[in-house]
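The structures come next, written out as structure tokens.
Both complexes below contain subunit A, partnered by subunit B and then by subunit C.
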Partner chain A sequence: MKKIYVNEEWCLGCHLCEYNCAFAATGDKFMSLALKDKEIRPKIHVEDDGKIMYAVSCRHCEDAICVKSCISGALSKEDGIVKIDKDKCIGCLTCVLVCPYGALVPNEGKAVTKCELCTDNKCGEPACVKGCPNNAICFEERG
Partner chain B sequence: MSINYIYPEYEVVRNDARCIRCRVCERQCANEVHSYDEERNLLISDEAKCVNCKRCVTLCPTHALKIVKSDCRFKENANWTDDTIREIYKQAESGGVLLSSMGNPKPLPVYWDKILINASQVTNPSIDPLREPMETKVFLGKKPDKVKRDENGNIICKTSPQLELSIPIMFSAMSYGSISYNAHASLARAATELGIYYNTGEGGLHEDFYQYGPNTIVQVASGRFGVHKDYLEAGAAVEIKMGQGAKPGIGGHLPGAKIVGDVSRTRMIPEGSDAISPAPHHDIYSIEDLRQLVYSLKEATEYKKPVIVKVAAVHNIAAIASGIARSGADIIAIDGFRGGTGAAPTRIRDNVGIPIELALASVDQRLRDEGIRNNVSLVVGGSIRCASDVVKAIALGADACYIATGALLALGCHLCRSCQGGKCNWGIATQRPELTKRLNPDIGSQRLINLMTAWKHEIKELMGGMGINSIEALRGNRLMLRGVGLNGKELEILGISHAGE
Partner chain C sequence: MKNYVVVGGGIASLGCIDGILENDREGRITLICGEDRLPYSRPLISYYLEEKTTLEKMQYRSEEFFKNNNIEVKLGVHAEKIEADTVVCDNGEKVAYDKLLVATGSSPFVPPISGLDSVEKKFTFMTEADALALEAAIDKDSRVLIVGAGLIGLKCAEGIADKVSEITVCDLADKVLSSILDKDCADLVKEKMEERGIKFMLSDSVEKFDGGRATMKSGGTVEFDVLVMAVGVRPNLTQLKETGAEINRGVLVNDKMETSLSNIYAAGDLTEGMDISSGTEKVMAILPNAYMQGFCAGKNMSGGDCVFDNQIPMNSIGFFGYHIMTAGSYDGELYEEKSGDSVKKLYVKDNRLVGLIFLGSVDKVGIYTSLIRNKTPLDTIDFEKIKKNPSLLAFSQNYRRKNLGGVL
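Up next is the complex of A and B:
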């Protein structure tokens, strides 16, 4: 299955992926209208200590600990993608605590939000991949 | 001095309705033009530091930015222009020689733009390159004068070593040091994929790039940096650099700050030491001396590789080329006065040398007149900007063209002409690791391949229009060219008629 991978060697730490992610979720036509004066809650975030930088998002783990930990059955795996049913989520944030990558993000309202490889919007291919200026984020099949 | 006489040259215009405060501009500007004021939630710009490289403009996801030339000018004066006044202020403050990068930007004549190409109509058929075969392959090297046979009457096929190019274009010399590892990787990979050559420049060959040797021209310049046996053997050809179009008559100086890590190892000089290339080769003061170096290099490479001699286009270029053609060199590369550089004294870059179009025409004619044109192939560079420039150069007598500025543009260069600062925001003319990583060779090499593929199509279209189906039939075919707006002397040197004739 195709997943999002990040090559640290080429990540510039420009944080554009975060904004492309947040924009894709809005379904809006213009980024300036969609994100102006808004606090963004991207499902991908750049780890940056000034020297090493790379973007982190959901790994869609085979044996996903977040799915196991979910007490309301909101998290599940569909075709390899860890998905969240926002209606079921009660906002207990257990998944946020257990995810070793920090890939689940508390959202406004009660439900958490997470990367579903842009299958939950009209973006087609993942927006972070499409918008990365240096091909640091790829969407590909790896063994 | 507390007063800075120089008002910022550019203005950073931010459309606040579009700015989403993502701070990409701030993170991407190595010149630190942009900064974010958290308290006021505002992005502000220090325009004095802006070099107009357009990195922020290109990466801004909402197109909220533009960089415009400031209209705050000095009082209008056709003699004392803004640039002239600015330069005087700079020198009055620094006491130093002015430095510039890339090619001569002055409004001197571009002869390519005053030459027009022919096409077939009615009496001779044009050729559609999409339907009929079209040959863009060329061979560079000494060509035999006549067919030679052995005692049994069989043709002797062994010729002097040749370079085989799928299109008559090569990437010209840019040293590792002046450009980044990733820029070299992009050039090397693209040249290999395209079946052409790139040139190491005078900084040696990084050990990682020996694998691209069959598509590499290794250069030997006056500083002899990084030259050793394996280096010479690694390349497909060896180029002796006598001069460079951007700075004829002077050497080079790569500051110690850029001689770090692998650059120092590859150049075989200590870290932090300035890499100074002398103006002349101290062992070459005549054509006879040049001949010695040509044959030393041939000897070292067992006569298996062609030797190129690169010179800048200067006033007596035809006589100089005639000498080089007799020195044993296989290829002469001539670099016109618009050629680029990573750093050159401004006065030299803008005032020394001659246009490549005139140099090429006079050299080709001189070598023909002397019956030694087949001794050498001619490669020309110094601002070959597009496929039609290539076609015109070949029709004027070149065997192939060298491009470098065009190649760097493909890699992202925006011609801000600030290479000497070492803070290239596009990851090309810099050695700072956080900047060099901005050029991913996967993307860079593909963009170079795209550019050359596009030019190849255009060259075929132009040749087809003339009813010519091979580069060989176009070379020196000056009847295919006409001049517009040129005087009698210019037409005479170019060896072409005026349009309408």
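Up next is the complex of A and C:
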């Protein structure tokens, strides 16, 4: 299936993926209005030590330990995508405790958020990939 | 066609069913569930009292799930006796099995304290029925005494904090959450709960009850209207004991979740297994492990070859928005950071990360947890680089190419 993959050597560390992700979640028309003066909690994040940089989002693991560990039954796998039922999640963060990639995002007492490959909004294809200026993340079949 | 019987209505049973269904969609699965509702999340009962979830949302799988997968569910039925190829139920029914999972969980332990019988409103706190009974017994004027400052006792306190007038929690230990926290972290959690009006009597226990009065060993007294006993839990082993399975504190299982008896597997709170962070056998009654044990058992019951050999104790829990994450064991060299309300402790031993405690800020803690579970030799990664901030920068470029880039 198509997933988001990283081409580490192409990443510029511009963080645009983070903004496009946060913007996609709002469903608004203009990024500046939607995100201005707001703290964003994107579902993709760039790790950067000054020399190496790359984006990390949910890997939709074959054997997803977050799904197996979820105490509320909010996480499940549908058609290869790890999905979260925001209504069921009570924010215990067990998924954050076990995810080896740090890909789930705590959300201040509310349901955890995570990448669902933009199947949870109206983007069609992952917004982070669409907006990446240097092909450092792509949405395709691999491996 | 194989007959699979799964005894118990908790998450271990669902893990087992998922495991079986991955290999065998033709077999007959019977789920024997002691409570009279479909499996639900027991740890969520405090969130129910807090009105953060509902009884409907707490249910793990819909009725359709069981129907669509041809699973026969017997609700409100207990397995009374386990024979070589049959489970005898308390309603007289006999259910034949080729492969059996025993996932009967654990039950609250109530110590025989003098005068306990004289307490009118007393409860334990584990099941939906417990939560509903407690909910019906409290009102805004209730004074509640909770015996036990462990995970169950404190979650109960949080769940009812806004619904009663007074909560006192006592515990024999000198700290709260004594099974998962060290003293200074425990004191921070206690302070957070005290800010919400919860009172503590630690290093103290009830000597006797007299109706609505508890006399403490220290000599003090507590007047209360409602009592919650949350001292601890004990594995439900009766059926397996009678059948002759090898049992220590919990039933012994190997890493395929087989008991010492042929065709009988066990998973969840009643099992004793290897904690790879400390190298010791223990009962690790926590939900994620129960699911993973059940899943492993289910795979093996249906002809697979699966091992679950990296169990560690781990907990993610919060009180009034203050988060706590713990994993592994705390025997090792300590790396510590504190800032504001946040605490971070990492324990390193023999070139491995063996344990962690986080309070407050908990972003990306799973990167550390996976180092513990995978027994990653720390000299194969740049551990120094991620002591402060967890990231995948500690790993080789090849690791990232494989895991983020999908390049094999």
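Just so we're on the same page, the second predicted complex is superposed on the first by the 141 of 143 C-alpha atoms of A that agree within 3 Å, B and C clash if a C-alpha of one lies under 4 Å from a C-alpha of the other, contacts with A are read in each partner's own complex, and residues count from 1 in each chain.
FYI, a residue touches a chain if its C-beta (ideal position, glycine included) is under 8 Å from a C-beta of that chain, and two chains touch if they have at least 3 such contacts.
Everything numeric in this text was worked out from a predicted model, so none of it was measured.
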Will subunit C clash with subunit B on subunit A after the two structures are superposed, or do they fit?
fit
With the two structures laid over each other on chain A, which partner does A:P133 touch: subunit B (first), subunit C (second), both, or neither?
first
Check whether subunit B or subunit C contacts more residues of subunit A in the superposed model.
C
Counting only touches as set out at the top, which of subunit B and subunit C does A:C14 meet: first, second, both, neither?
first
If we overlay the two complexes on their shared chain A, which of subunit B and subunit C does A:D79 touch? Say first, second, both or neither.
neither
Examine A:E62 and indicate which partner it touches, taking first as subunit B and second as subunit C; both and neither are also allowed.
neither
Determine, under the contact definition given at the top, whether A:S32 touches first (subunit B), second (subunit C), both, or neither.
first
Rounded to the nearest Å, state the minimum C-alpha distance from subunit B to subunit C in the superposed three-chain model.
16
Enumerate the residues of subunit A that count as touching subunit B in its complex and touching subunit C in the other.
none
Counting only contacts in the complex, subunit C reaches subunit A at residues 11, 15, 41, 43-44, 47, 52-53, 57-61, 287-288, 291-292, 295, 314-318, 321, 323, 325, 327, 362-367, 369-370, 385, 390-393, 397, 400-401, 403-408
Which residues of subunit A touch subunit C in the complex?
3, 5-8, 47, 49, 52, 54, 56, 59, 65, 68-69, 71-73, 87-88, 90-102, 104, 106, 108-109, 142-143
Which subunit A residues qualify as touching subunit B in the complex?
9-10, 12-16, 18-20, 23, 30-32, 35-38, 131, 133-136
Subunit A-touching residues of subunit B, taken from the complex the two chains share:
17-20, 22-24, 27-28, 59, 61-62, 64, 437-438, 440, 442-443
